[in-house]
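One chain, chain A, links the two complexes that follow: it is found with chain B in the first and with chain C in the second.
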Partner chain A sequence: MKSRGSRGWGIVRVAFLAVLTLFTLLPMVWMLLTSLKTQFAASQYPPEWWPKNVTFEQYSLLLSPATETGRDFLRYMFNSVWVSLASTVLGVIVAVPAAYAFSRFRFPGRQLLFYSVLLRNMFPAVVFLMPLFILMRWLHLVNTEFSLILTYLTFGLPLSIWLLKGFYDNIPAQLEQAARMDGATRFQAFFQIVMPLSSPGIIATAIYSFILAWNEYLYALVFLNDKSKLTLPVGLQRFFTEYTTNWPGLMAASFITSVPVVVLFLILQKYFVRALTEGAVKA
Partner chain B sequence: MAEIRLHDVVKTYGSMYAVDHVSLTVADGEFVALVGPSGCGKTTTLNLIAGLIEQTAGDIFIGERLVNDLDPKDRDIAMVFQNYALYPNKTVFKNLAFPLKMRKMARADIDVKVRAAAKVLDIEHLLERRPRELSGGQQQRVALGRALVRDPRAFLMDEPLSNLDAKLRGQMRAELKRFHQDLNATVVYVTHDQLEAVTMADRMAVMNGGLLQQYDTPARVFDAPVNTFVAGFVGSPAMNLVPAIVVNQGGSFILRGSAGWNFPLSSRNARKAVAASGPGVILGARHSTIALHRTATPDTMPGRIYTVEPTGDITFAHVRVGEANLVVSVTPDVRLAMDDDVWLGFDQNRLHLFDGVTGGAL
Partner chain C sequence: MSGTAAASRKRLVSREPGVLARMVRHRADYLYVAPALGVMLLVIGYPIYDTIYLSFFNTPPSLALEDKTFVGVDNYIRILTSDAFLEVTVNTLIWTAFSTFFAFVLGLGAALALDKQFVGRGLLRGILLIPYVISAVAAAYIWRWLYHTDFGVIGAIAVAAGLTDRPINFLDNTETSLGSLIVVNVWKEFSFAMIMMLAGLQTVPEQLHRAAQVDGAGVFQRFWHITMPHLKGVTLVTVLLLLVSNLNSFTIPWIMTAGGPAGSTDIWITAIYQLAFERIRFGISSAYSVIVFIVMMSMGYFYVRALTRRDGARYG
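Right, the complex of A and B next:
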């Protein structure tokens, strides 16, 4: 009886997951297929389901520094990598000590501070667009990458701190005390004992910050005008307006843009899942 | 190894005294148990000695050195934690090597030291394992190994046996005692289990409410508790404590209970009783010093059997006397049933009298 019942559920589960996978994967697949077609094949109706003449022409165009399109695209990509990496690294540098302090130390205003950190996430990002723009203009950062790096930092930090605090809460304080008795300073105890144990959390928050920064469009659009400073999402949008008829080119650009995120996530997803569920059940 | 000296040490949290003017000296090579109920300040005291928290006032000496301002790492003492606190991402070998590595010992010397410690504790075969692959008893040994691998000046132990099952705990108790004697180690051992304190310690410091109640050998603490708290805490089952008033009956003194019983005092006990700050005193008697009679006997306390607990070689009878509940031990051949009437006789030479107001021994 029991095995029959669970087999029935198994089928439902597999079917459900299959539909869900199809739903998420189809756009990606279609994007990839279109990017490999010729321009003529891409505009046919009814659509050519499978590209007859596979061509990597669009990819070589986008990734070659010889053409203007290629130079633009590579520049956007470089900008995106730089902005995302910088906000990720800075994010980890700020989030790790902040989360550690929230977890370990008792100081006046601790609760208030912790919740005010989370407050940022309760509002839609667009609410902060004008205030932040004015702030950036006042700081003379408009039209520089730093405006975005700073902004993305404030976007990523609340959840990063929150996730990491869960990690530190789960690392017994006695481990650090033991290390200090064994001859370590507070910093050595942190770097040699606590840091390695919290590395899954650090990796997870780093991926999260990176993806957040990599995908962000609205602020990048508003804060930057200089074409040479644009990031990929905004640059991609420019391509859409400039080359409306070149579907394979657009799809190739879109595909290249989404690859880093997917690869990052696939490699590190086990840390991500662990970070999100850590602390859910007290050991 | 070194002596540890606490001089008038205070630790407050806000207005709460976690450790209230505690002074005590642990002699070089002595095993001292800090014992008391949870929240009594024993673990705080241990952490103060370790340097993990800072005292509000007072001085702590390790050997001749005043360590008030020294970090834990500079106090050169080792600690064994209740949950062992083994580094989960390091192998047993690396756990044992960590304190030596922190002292910048040469790699070859570390290897020799770690293997020697592992041999002493019979964990050589576990060196490449990680802590989570070990049983509770093995983890306990590794924690001990990490403490002794670097010849510290003293060992601090925070309830190291409380996570083990009863059988293993008995075995480790014996091993710890042996370990202390073989190494001639100075040990400060925190426990809430008075049995551990009594069986292992050279001296025990009984604490309550941040105050050091009594600091003496287990035998002395058992035989001459300084107040009702110590009397009620040490010994299993605890000492029976019955409130009474002292009455002068034509020159001879008797104790009278609220249940109506009268108990004449010997002249020695009468002298003690009249020294109390008021007429109220508390009569204390260990279960083994009380005689249980089946028939009315002069100078006894009438009671009624509440329940009977046979444990095999000894039977504990819980006896209700008015409001009080006394535990009396009898040999297993004595047949007792619930609600039997019994009469309790006290040994004048082995009973204790405490002040009814202060609780102090008279």
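Right, the complex of A and C next:
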């Protein structure tokens, strides 16, 4: 693949990638470095480029059940895990049969329903904010995690259904028919043939929903007031309003908040990328 | 009578039975979609109805919504004729246009640079995607710290490089605030465009490139005449999704500047949030939401068309 000027382009490419990587990483590196400084060391001008005295005091403060700050933070983390897991699992349970039906069955209204599911991606979240708040208040769900679980599971559904439908479309119906001729019921055929073949789709759906729920801020801000119910994004904001000048603490909290999703994403990168790009790139 | 007889005979003759009959025959199928549609009706359908309904009322600045009074389209007129709306809309358009443009250009560049096998390619792609994956609240605080007036590292670097003689006030200055936020937004979302375009690039047939190369086409010619035409569909979907997510932005501007200073970073969603949950004006903020909703739905039309046209065989 050598051609005139290809070496020149190669240099441009490497330089561009290097600049982009620095642009991406440096803010996060600075977050990490700041989190390892004392508050005094962080408030220097010019800044201490490399922490002279590395300290983990902010991490032990945030993760220790002995202090009130630590107890609060661990509680936010627990709430985030619980809300994200519950909305992910419920989302998959609801999305799987719907996607299967959209892929296999030919019931009237199927297309209309499917397009309205897709259109959800375009809805501004704020349109639902006030009425959902009113609805949750009416259902007595304000200030409960269930209000968030219900909201997140619904907001993740359009993509989950779209994604899973793509997988089911690619599994030949003959496979199921063969199983049913051998005496399997539709459910058995589904669980023994279709489910295993579509597990990459389920993983992709699940990781996408989990990250979506973990990071969501606006609804968590509106639905929850009680300190013991907050999820991490709102918890971070609370930490900031309480300790405005404690930047090392805030950076440590931001780091801890990011770690679970980044680790999950790096392990399941392939699936997450698939979740994002599926459907948009069928030539 | 003869008309109905003819009609029913016609129905018997035609291969397609009536909608109702088909719905009855497929009744079991609906059970599969019922849970999904149920929660969507509750969490999406009902709120749309309620937002439109509330938008025609004047609500008291409390949550006692039963004291509302019907005002017709007054809320809409008040919003559309106010200077504040114009200002917020201009901010929203600047925010959306620049964020989308730079995120797309950087993303496309990164995708082209990564569209080749080399050691560490997967890792690099993963690293570039991290900002997209982390919480926007964390991202906003990281950048608030980078921009800090007294101890911000960006200001310090600018001073050390001799670009300015004193630290820059990025966020408390109406001249620089919106631009500073756009940088954060581009940082957060350019890799979304990258991943979409990278997936699109995989659909470009390698043979075409080789053939063109044999015919003496240069890098730029091949990009323009072979790569770009293949990317048209993905580009449309990517740009639409970026536009929508930017028109819907809330977290970054809210955490970093809360619309300030002097409204210089106030965009649609932050304005609606303030109207609804700080001034507790559900009626007028609902009207505001409906206006935004209409803009979004007109873009949604193009989105569904873009997604389904190429899938016509499957969903047609």
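Going forward, the second predicted complex is superposed on the first by the 258 of 283 C-alpha atoms of A that agree within 3 Å, B and C clash if a C-alpha of one lies under 4 Å from a C-alpha of the other, contacts with A are read in each partner's own complex, and residues count from 1 in each chain.
Quick note on the criterion: contacts are C-beta pairs under 8 Å (C-beta built on N, C-alpha and C of every residue); 3 or more make two chains touch, one makes a residue touch a chain.
Just so you know, these numbers come straight off a predicted model, no measurement behind them.
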| item | value |
| --- | --- |
| First, second, both or neither for A:N215, with chain B first and chain C second | second |
| First (chain B), second (chain C), both or neither touched by A:V263 | neither |
| Touched partner set for A:M251, first chain B, second chain C, both or neither | second |
| First (chain B), second (chain C), both or neither touched by A:P172 | first |
| Which superposed partner A:V54 touches (first chain B, second chain C, both, neither) | neither |
| First (chain B), second (chain C), both or neither touched by A:V29 | neither |
| Larger contact residue set on chain A - chain B or chain C | C |
| First, second, both or neither for A:F123, with chain B first and chain C second | second |
| Those residues of chain A which chain B touches in one complex and chain C touches in the other | none |
| Residues of chain C defined as touching chain A within the complex | 19, 22-23, 26, 29-33, 35-37, 39-40, 42-44, 46-51, 54, 63, 65, 106, 109-110, 112-114, 122, 124-131, 133-138, 141-143, 145-146, 148, 150-151, 153, 156, 159-160, 167, 187, 191-192, 195-196, 198-200, 202-203, 213, 218-219, 230, 233-234, 237-238, 241, 244, 247-248, 250-251, 255, 268-269, 272-273, 276-277, 282, 285-286, 289-290, 292-293, 296-297, 299-300, 303-304, 307-308, 310-311, 314-315 |
| Interface residues, chain B side, partner chain A - complex | 50-52, 71-73, 77-79, 81-83, 85, 87-89, 98-99, 102-103, 146, 156 |
| Footprint of chain B on chain A - complex, ascending | 172, 174-175, 177-185, 188, 193, 196-197 |
| Residue numbers on chain A that touch chain C, as the complex places them | 1, 3-6, 9, 13, 16-17, 20-21, 23-25, 27-28, 30-31, 34, 42-47, 93-95, 97-98, 100-102, 105-109, 111, 113-115, 117-132, 134-135, 137, 150-151, 153-155, 157, 161, 169, 211, 214-215, 217-218, 222, 232-234, 236-237, 240, 247, 250-251, 254-255, 257-258, 261-262, 265-266, 269, 272-273, 276-277, 279-283 |
